[in-house]
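Letters A, B, C and D name the chains as they come in the text, with residue numbers starting at 1 for each one.
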Amino acid sequence: MIIVMESKATEADVQYVVKRVEELGLKAHLSKGVERTIIGVIGDERLIQKEQLSLLPYVENVIPILKPYKLASRDFKPLDSVIDVAGVKIGGTEVVVIAGPCSVETEEQVITTAQTVKAAGAKLLRGGAYKPRTSPYSFQGLGEDGLKLLARAREKTGLGIVTEVMESVEVDLVAEYADLVQVGARNMQNTKLLRSLSKVKKPVLLKRNFSATLNEFLMSAEYLLSGGNDQVILCERGIRTFVEYTRNTLDLNVVPAIKQLSHLPIIVDPSHGTGRHDLIIPMSRAAIAAGADGLIVEVHPKPAEAYSDGEQSLTPSAFQQLMKEVKSVAAAIGRTT
Amino acid sequence: MIIVMESKATEADVQYVVKRVEELGLKAHLSKGVERTIIGVIGDERLIQKEQLSLLPYVENVIPILKPYKLASRDFKPLDSVIDVAGVKIGGTEVVVIAGPCSVETEEQVITTAQTVKAAGAKLLRGGAYKPRTSPYSFQGLGEDGLKLLARAREKTGLGIVTEVMESVEVDLVAEYADLVQVGARNMQNTKLLRSLSKVKKPVLLKRNFSATLNEFLMSAEYLLSGGNDQVILCERGIRTFVEYTRNTLDLNVVPAIKQLSHLPIIVDPSHGTGRHDLIIPMSRAAIAAGADGLIVEVHPKPAEAYSDGEQSLTPSAFQQLMKEVKSVAAAIGRTT
Amino acid sequence: MIIVMESKATEADVQYVVKRVEELGLKAHLSKGVERTIIGVIGDERLIQKEQLSLLPYVENVIPILKPYKLASRDFKPLDSVIDVAGVKIGGTEVVVIAGPCSVETEEQVITTAQTVKAAGAKLLRGGAYKPRTSPYSFQGLGEDGLKLLARAREKTGLGIVTEVMESVEVDLVAEYADLVQVGARNMQNTKLLRSLSKVKKPVLLKRNFSATLNEFLMSAEYLLSGGNDQVILCERGIRTFVEYTRNTLDLNVVPAIKQLSHLPIIVDPSHGTGRHDLIIPMSRAAIAAGADGLIVEVHPKPAEAYSDGEQSLTPSAFQQLMKEVKSVAAAIGRTT
Amino acid sequence: MIIVMESKATEADVQYVVKRVEELGLKAHLSKGVERTIIGVIGDERLIQKEQLSLLPYVENVIPILKPYKLASRDFKPLDSVIDVAGVKIGGTEVVVIAGPCSVETEEQVITTAQTVKAAGAKLLRGGAYKPRTSPYSFQGLGEDGLKLLARAREKTGLGIVTEVMESVEVDLVAEYADLVQVGARNMQNTKLLRSLSKVKKPVLLKRNFSATLNEFLMSAEYLLSGGNDQVILCERGIRTFVEYTRNTLDLNVVPAIKQLSHLPIIVDPSHGTGRHDLIIPMSRAAIAAGADGLIVEVHPKPAEAYSDGEQSLTPSAFQQLMKEVKSVAAAIGRTT
């Protein structure tokens, strides 16, 4: 932590701040510049609050030096984490595609879709039983019945299941059915949910909130890791910007950025990320080329009749095309599918 | 709803869409333009999904005409709603100031603050017992003990209490203590929490998520209203933009905009909205001048020692100054304090 | 400037950076922390480029300490600058309202509007002769003929003239007619235009680009000041965010923020800032309450027939109402109009 | 154009609007819905202004149906445009890489870089002689001397030259030297510059402003096309968002989106788009995978000593690596390099 003093601060003002730093159990180190004195704070700055220093008299600014997360950082764990989801490894050489409907609607719908995506090369099945919807008048999901239908699809196809949990009280129930428990973008900072999931023996797919900075994203992962669950997979799914053409702005920059900052795997959701079925294939290719460890894609047998998100769902044949193109790009950068 | 056909759509393509509209129980009305045919859909468009039409062949675009919310709209209820919180009316002529610490820390802190803000003219006491924090290593609140301290402050001062609830399972507990139950910005789209609160006989303070559009904000209010709780107060607390100088960008435009779109009262949180104690007073004046029905402001006896949000808390004397300035601006626009 | 070394940097790596700092004519000051060594750079950091240090081996980050602008800063000039525009003082106690049509269209239109806004209390007349338009098919302004009509309106009413210049080659021409030369938001970083204007003996109204940070905004002012023109008035006119309800998001936070950082006056443009005539009056009240030194507002005798920006223009009677309300708010905070 | 009437509009109010539509030379077509009447406007809506209708009494909203651009649209020209730059085709099967220093600094620097990037596979040389800089204290470019050095590099290597023009009065001079004239992001809406360039017989590289929507981007292209220059190449170079990790947020979604909306080629600038040399290679791979027609990349023999933008410049050896990886991804999607 660096404390920048105002230009008008006197020697006594500086000493007052130094004393306060020492009272907090840290050491202070002065650098007197031409226009300003700065005070380097030595010790673990994560243990104190910035305000304890920034609000002292004649302090102009306090600049943190350390990253706020620790367990999620590559400094802490230099080698890539590889997460095992029902036997499928995410974060290794293989690029993993997760596919399935936005919402679980009927037994036929979910089983047909599971069979279709498996045949095309998907390794895990996604499907929502609990749905966070903007409108109270929209379909809110089948709940536990939806989880049962997903389990049936798993029996039939052998595909592991990825599904969302929305509340800490439902964590045990959802974890019983799911192979990979998803935290949706709106819940990325639901700290009670994160704490519950940190106690569960299932891997977690943590989606980035649409207005989360990278620090905030990794701090949410830190909730899981510090609570005891180190089976965390990150997911970029688009951020909110001024751009109106796409539903969100899929931010692929985050893929190589996360690879530098963290050891955790990161996958990409081009369905939510663009909100447009006609952009999913090119952005899936781009995600893999950027270094993503996988994709999570919405597929529906009849998108125009989907209960939710039909505009961003692929038809089965478009999904086959996606798999073909992704396989080719993955090979070009030395990865398998 | 307006369906815009592609320029290459034939008469048969148009008829196919018309047939589908009619199957959905709606009426279609054709307008053949110079470059495109458009189809007006007559009937309650809120009952169907846009995708059911937008994914039909040769449809270029589907444009909703109606607002997605109904009960929250001024069309539905032209007169201003006035919400009674422990005898304090919000949404009427009086501008109401809610003040108190970010977090409840100790009995002395909360009672001293309550007495101070009451003396300065605050009408309700805010204080967090359950705290959503970005870092797992930060103070997370005292929980029910915090609620009890707030209740003690109410006994001593007579001020009604405003405090946040973070999960649907805690709604009953928090509602027992609170006079106004707060939904934090991160939970604005926590639909399970909204549904629980819609069944409770306490007014709700709904904070705008930092990346919510006005439609999304009012749709979250619609969850409360449609579930049976019409005691809803909205709160603007800053949005996330590229601006780095302030923690958030307090968006005062939303105040007169909400007054046009909705009958619900709206207050402003300049503490979170700016994240800087030195901007709170001018932005409070501006909020009232823009037409806000009140303010919610963080006050701490010693901001530099606050467990959370010290940088955006006012000292007691700064709060007195705020009240004086707000009173003057309120009078200038014909409101009382 | 603070150089943060990577955690794996050795003593030799640190010494290499220290040597480079010294070669650049600056002094280095080491602080060895628990996890990292940081190097304080002593001397005027504005004279070197960040990259000269950030790209050295084992440097993790370089953090500037000084603000990038100097002449525009309040540190440099603690007292408020007051700018004289044709006898009207901007930046003093008085709140100054500039009003007039978006575009100069006809002699009758501009003179009628000038008389109307003067009668209502406006102190300066705005009007565009050169118009930057998004579409090549839109009206692009009358050019010099427009300037002549503005001059005629000045003769008739005595109001000083505010008008935009779009290119460095037109600076002399526009400055001949204008009393306050406006740099539009799209040109805030047109450095050739800024350099030309820095040589002119007329005050400049510098509008904030819709995606400019405060540093960038003040750096554009620094172009004018460092080139020799210290008659600069800043203008906030809305930023681009995800919010779709208003054309832009008027960012009033910038008003008290600029007052802290700089000695320059700042006014607010609620017409462009909101893009909606029905939000102009409340946001004008808010701007004054936030501490703005004035307003610039679009007024048109018949907005529905305006050649440009009719949706954000006030009718003459709405402008009278605005002046009445602004006067009242100004008085409430101790300012005159 | 669709006119949505307020729910309280009477038959007479509707007829008043219909009459006005007809006076403007268009036809009106009524659809009476359950809650609202809507009026379809038939005719070329680009010829009238939205405000002429939106400000009429009882009009709630006016929704444009046609895209605002015409010549830039794929509707107008279904086949891809291929632009010839000094014999290099951009927009065809081949992926074209443009490389070189941010600023032209010295003869040796520019010639060495040109030889290096040519050897690695670049097809055109970029280099700035006129530099738009945020700070008046930064290096502003060598001007015409820089253009001469670029011409010398072309003689030595045969590489065509890409360089920026900043003002309409310099268009002829720059066009004399350049093979492809660049409009920088800050000038995307400099309409005078665009008009001058529309009269020149050289292709134009139009960079997207960091806060431009797709409509605005294509409208700037429309200025060039409608003025007579159809040799336009678009370039995505990052947008401004709340994300602080990268200098800008490279928005690759725009690549497939532009391919749908327009026939013009689009290339990507990963140097400005990310602002970080360590993200350039993965984002270059991603850009090509998304369908970009080429890249423009900053390369400097010694980035730490560059006069500008060193942090986002590749070393020659990193550029070789980029070319290798890009070649592989291009091949995977059926394109050559």
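Following the convention adopted for this analysis, contacts are C-beta pairs under 8 Å (C-beta built on N, C-alpha and C of every residue); 3 or more make two chains touch, one makes a residue touch a chain.
Predicted, not measured: the structure shown is a model, and the values here were computed from it.
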{"item": "Same-residue or different-residue interface between chain B and chain C, half as cut-off", "value": "same"}
{"item": "Centroid comparison with chain A (C-alpha atoms), farthest chain", "value": "C"}
{"item": "Whole-Å gap separating chain B and chain D, where each centre is the average of the chain's CA atoms", "value": "38"}
{"item": "Whole-Å separation of chain centres (CA-atom averages), chain A against chain D", "value": "31"}
{"item": "Separation of chain C from chain D, taking each centre as the mean of its C-alpha atoms, in whole Å", "value": "26"}
{"item": "Residue list for chain C, restricted to those that touch at least two other chains", "value": "211, 240-242, 244"}
{"item": "Residue numbers on chain C that touch chain B, as the complex places them", "value": "211, 213-214, 239, 241-246, 249-257, 260, 273-274, 278-279, 282-283, 285-291, 325, 328-329, 331-333"}
{"item": "For the chain C and chain D complex, residues of the former touching the latter", "value": "46-47, 49-52, 54-56, 68, 132-138, 140, 166-169, 186-187, 189-192, 194, 210-211, 215-216, 219, 222-223, 226-227, 240, 277, 303-311"}
{"item": "Chain D contact footprint on chain B (complex, rising order)", "value": "2, 4, 7, 29, 31-36, 38, 40-44, 61, 63, 65-66, 75, 240-242, 244"}
